[in-house]
Amino acid sequence: MSSAGTRERPTGLTRELIAMRVARELRDGMVVNLGFGLPTLVANFLPPEVTVLFQSENGILGYGAIIQEDARFDQDRINAGGQPVEIVPGAAFFDSAQSFAMIRGGHIDVAVLGGLQVSEKGDLANWLVPARGGGSIGGAMDLAVGARCLVVAMEHVTREGEPRVLEECTYPLTAVAAVKLIVTDLAVIEVTPEGLVLKEVAPGLTAAEVQAWTGARLRWTDPVPEMRL
Amino acid sequence: MEKVFPSAEAAIADVFDGATIMFGGFASAGSPTTLILALKHKGVQGITGIANNIGIGDRLDDLCESFQLKKMVCSFAIRASSAAKSRFEQQYRQGLVELELMPQGTLAERIRAGGAGIGAFYTPTGVGTVVEAAKEKRTIDGRDYLLEYPLRADFAFLKAHKADRFGNLVYRYASRNFNAVMATAADVVIAEVDEIVEPGELDPELVVTPSVYVDRIVKGDRHVIRWYT
Amino acid sequence: MEKVFPSAEAAIADVFDGATIMFGGFASAGSPTTLILALKHKGVQGITGIANNIGIGDRLDDLCESFQLKKMVCSFAIRASSAAKSRFEQQYRQGLVELELMPQGTLAERIRAGGAGIGAFYTPTGVGTVVEAAKEKRTIDGRDYLLEYPLRADFAFLKAHKADRFGNLVYRYASRNFNAVMATAADVVIAEVDEIVEPGELDPELVVTPSVYVDRIVKGDRHVIRWYT
Amino acid sequence: MSSAGTRERPTGLTRELIAMRVARELRDGMVVNLGFGLPTLVANFLPPEVTVLFQSENGILGYGAIIQEDARFDQDRINAGGQPVEIVPGAAFFDSAQSFAMIRGGHIDVAVLGGLQVSEKGDLANWLVPARGGGSIGGAMDLAVGARCLVVAMEHVTREGEPRVLEECTYPLTAVAAVKLIVTDLAVIEVTPEGLVLKEVAPGLTAAEVQAWTGARLRWTDPVPEMRL
């Protein structure tokens, strides 16, 4: 199953469409933390009837759009990705110890993190590419163990076509048995006590094709619906 | 109990070679740039730095110009992307500086413990990862935790928005971050601020760092840092 | 996510016999009297109460009129002076109600741990006293500490000054006390306030309890309590 | 030495004069916590050139005089003894977890507590009279282990003439080896690693007389000066 290395990469959803699919998981009133990169895009695709509060681990509950105008840049008003952000009505500020008390204490409904690898037990690896060394943990390990629901948004395979969803992660872990839902450019996969369940496939793909690009056994019930966008 | 110092140089005059220094800030928000640049100018060597990050939206990387850092304790140091390498990253890869990475919430909580007289604490963050190496693991109520010890420093360099002459500090937006916890956990706490006011001019309901924690205050220079991914 | 309830009765409607309830307040400051009196009126039995104090500047003692309390967990319950005995004290001396006394700082820190996902912590408070009975003792860096576990509750009853409809809370003077920590450590958090405002009307720099912690808000009645030694 | 029970109680200083003597221990800029009862009076006797900040464990740094006027009573603006107090310019408010982080973390310069018994090793008993039962710990155990300097202010003997300064406390302890200075109506006694040192005696008393009312061996160098008031 992990011998996909030489095949051409499948054509899946764009990053924006992955983010759009993740956004559908969010419900009105939720408190949500979005990690660096792809997860950040989720904020752009909230259904109009859904109001969520975005938490940023650097000490904001209630940030809004990224500020583009240079004149309104303020280096103290940034999210955890360093981006200048709007503050929404009903926001609150706090320090890092309070922020991680909030995160570790189970008060964040959903965290959306990027991933390098996810195992069929829900282990997540996202902080270090061994070949590159160094690494940065940031808030990822706390968010992974603390959020009530951890969603990983990532490309289904590496640039080289290697699966990122595996029986066991080969990269150093961020957290063990933490991931609940995997949303990729090819599929939506739920992590259950019985293993990985393929819930949705990207338009034009079959369940068997997704399985071929996946390094762990998927279970599904035919017909597997297309990803809801 | 005069806490106001005439210059950053005067405020850090007794920082010694080999000192452990906490630096507040999270990327560009609340980073004590005036004090960091004074430290660079002073040229002390062999510093162990404790900060959330180095080389992303802070000027800590400047300390690497003259190899002043012996070690960094932080959560974010090496960027995952192929962005330009910081001096710190270059020196780290050459084995010229040590790096102790830890989860951001663990870093914040260890500093809080150092200031709060807590001897050690159990956190679920990092269980099953490289973070648990050599640490005591304990199962409490069916969940695994790692034992983490307090962190303290000889000095803490902070950035706040305003101080009164007693040393009460108020912050703006997301700039409390590590400043508010580090204020509690160092032998000598030095804060640079945008404005110094008289006692009574700050609303006591707004004070985030009570005066008891702050030893020295200095008016900082304005350093705009534009950094975001 | 409508959090505003029409009455204290409605806000506590699902409090059940045998529930564990945290009550904010320190003597007369920040005591949730409207909610306490609604609980008295509701008449649920077998309550385990967690509060800093009972019978000094609070109306918790009213719950003893109909023997609603099974147990109190607190730091201050029996007055040292020969002042009039509270109903609680009378019932305690008759063996009709249990009392678990602990140091005030340990009580506050245990509640914080309950809300912050900390599995347990070591405190120097109580070493060599009756408090250490049956507790794990550990020497860290030459000093003795006791291991203390987190406290949580089914409900927390809080008193704050103002809430916005999201649930952000601000307090006045010394009324934050246990309210701010208990807000983080109960399954259902109910706050009575002097005034309910719209999101955006509270200065986010002033918010002490971010909205994520608060489930229900009710406008409290004005109860003046004059109590001091 | 402990057979003083049948003698007439010695005539010593009034409670006000004990408080006045304690006040001389306070230096400009100190942060001070005053316990219930006698210690509260210390605030009235500060030399005019000395400005200290009074911390109250219910969440105030910087409270002032007790408010006597009924019209200005505010139940949220009280100290830890429940007394309505003024708030001084440069004050700050915080919650109970933060307050005891401040106390336990060693940020309070001096705590003045009342005492029932003090041992020659500096053990303090002040929370429970066994014959009366119940008891209230309050903040005493945290203050005793956390304050940099613990001063006990108490009557030298009980109403029945039994010494309160003893080789070993017979009442349940508040803290072990914590007391640095004992100020009574008869004497000022320092607790040192070598035992109790009689530093000053009340006007009209000799060192030998103080020793006779003391249940542990005192050391002194003649002539022992009169208490400085």
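When the chains are written out, they are named A, B, C and D in that same order, and each has its own residue count from 1.
FYI, a residue touches a chain if its C-beta (ideal position, glycine included) is under 8 Å from a C-beta of that chain, and two chains touch if they have at least 3 such contacts.
As the structure is a prediction and not an experimental result, all values here were calculated from the model.
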Chain-touch separation of subunit A and subunit D, in steps, is 2
Could you see whether C-D or A-C has the larger number of C-beta contact pairs?
C-D
Measuring centre to centre with CA averages, how many angstrom lie between subunit C and subunit D?
29
The distance between the C-alpha centres of subunit B and subunit C, rounded to whole Å, is 33
Whole-Å distance, C-alpha centre of subunit B to that of subunit D, is 37
List, in ascending order, every residue of subunit B touching at least 2 other chains.
109, 112, 116-118, 123-124, 171-172, 205
Out of subunit A, which residues touch more than one other chain, so two or more?
87, 93-94, 100-101, 103-104, 145-146
Go ahead and list every pair of chains that touch.
A-B, A-C, B-C, B-D, C-D
Partner subunit C, residues of subunit A touching it in the complex:
28-29, 31, 51, 53, 55, 61-62, 87-94, 100-108, 145-146
List the residues on subunit C that touch subunit A in their complex, please.
1, 112, 114-118, 164-166, 168, 184, 198-200, 202, 204-205, 207, 210-213
Given the complex with subunit D, which residues does subunit C contribute to the contact?
26-30, 52, 56-57, 75-80, 89, 92-93, 99, 101-109, 111-112, 123-131, 161, 171-181, 208, 224-229
Listed in rising order, subunit B residues that touch subunit C in their complex are 109, 113, 116-124, 138, 140-141, 143, 145, 149, 170-172, 203, 205-206
Subunit A - residues contacting subunit B, complex
36-37, 56-60, 73-84, 87, 93-97, 99-101, 103-104, 123, 127, 129, 132-142, 145-146, 172-176
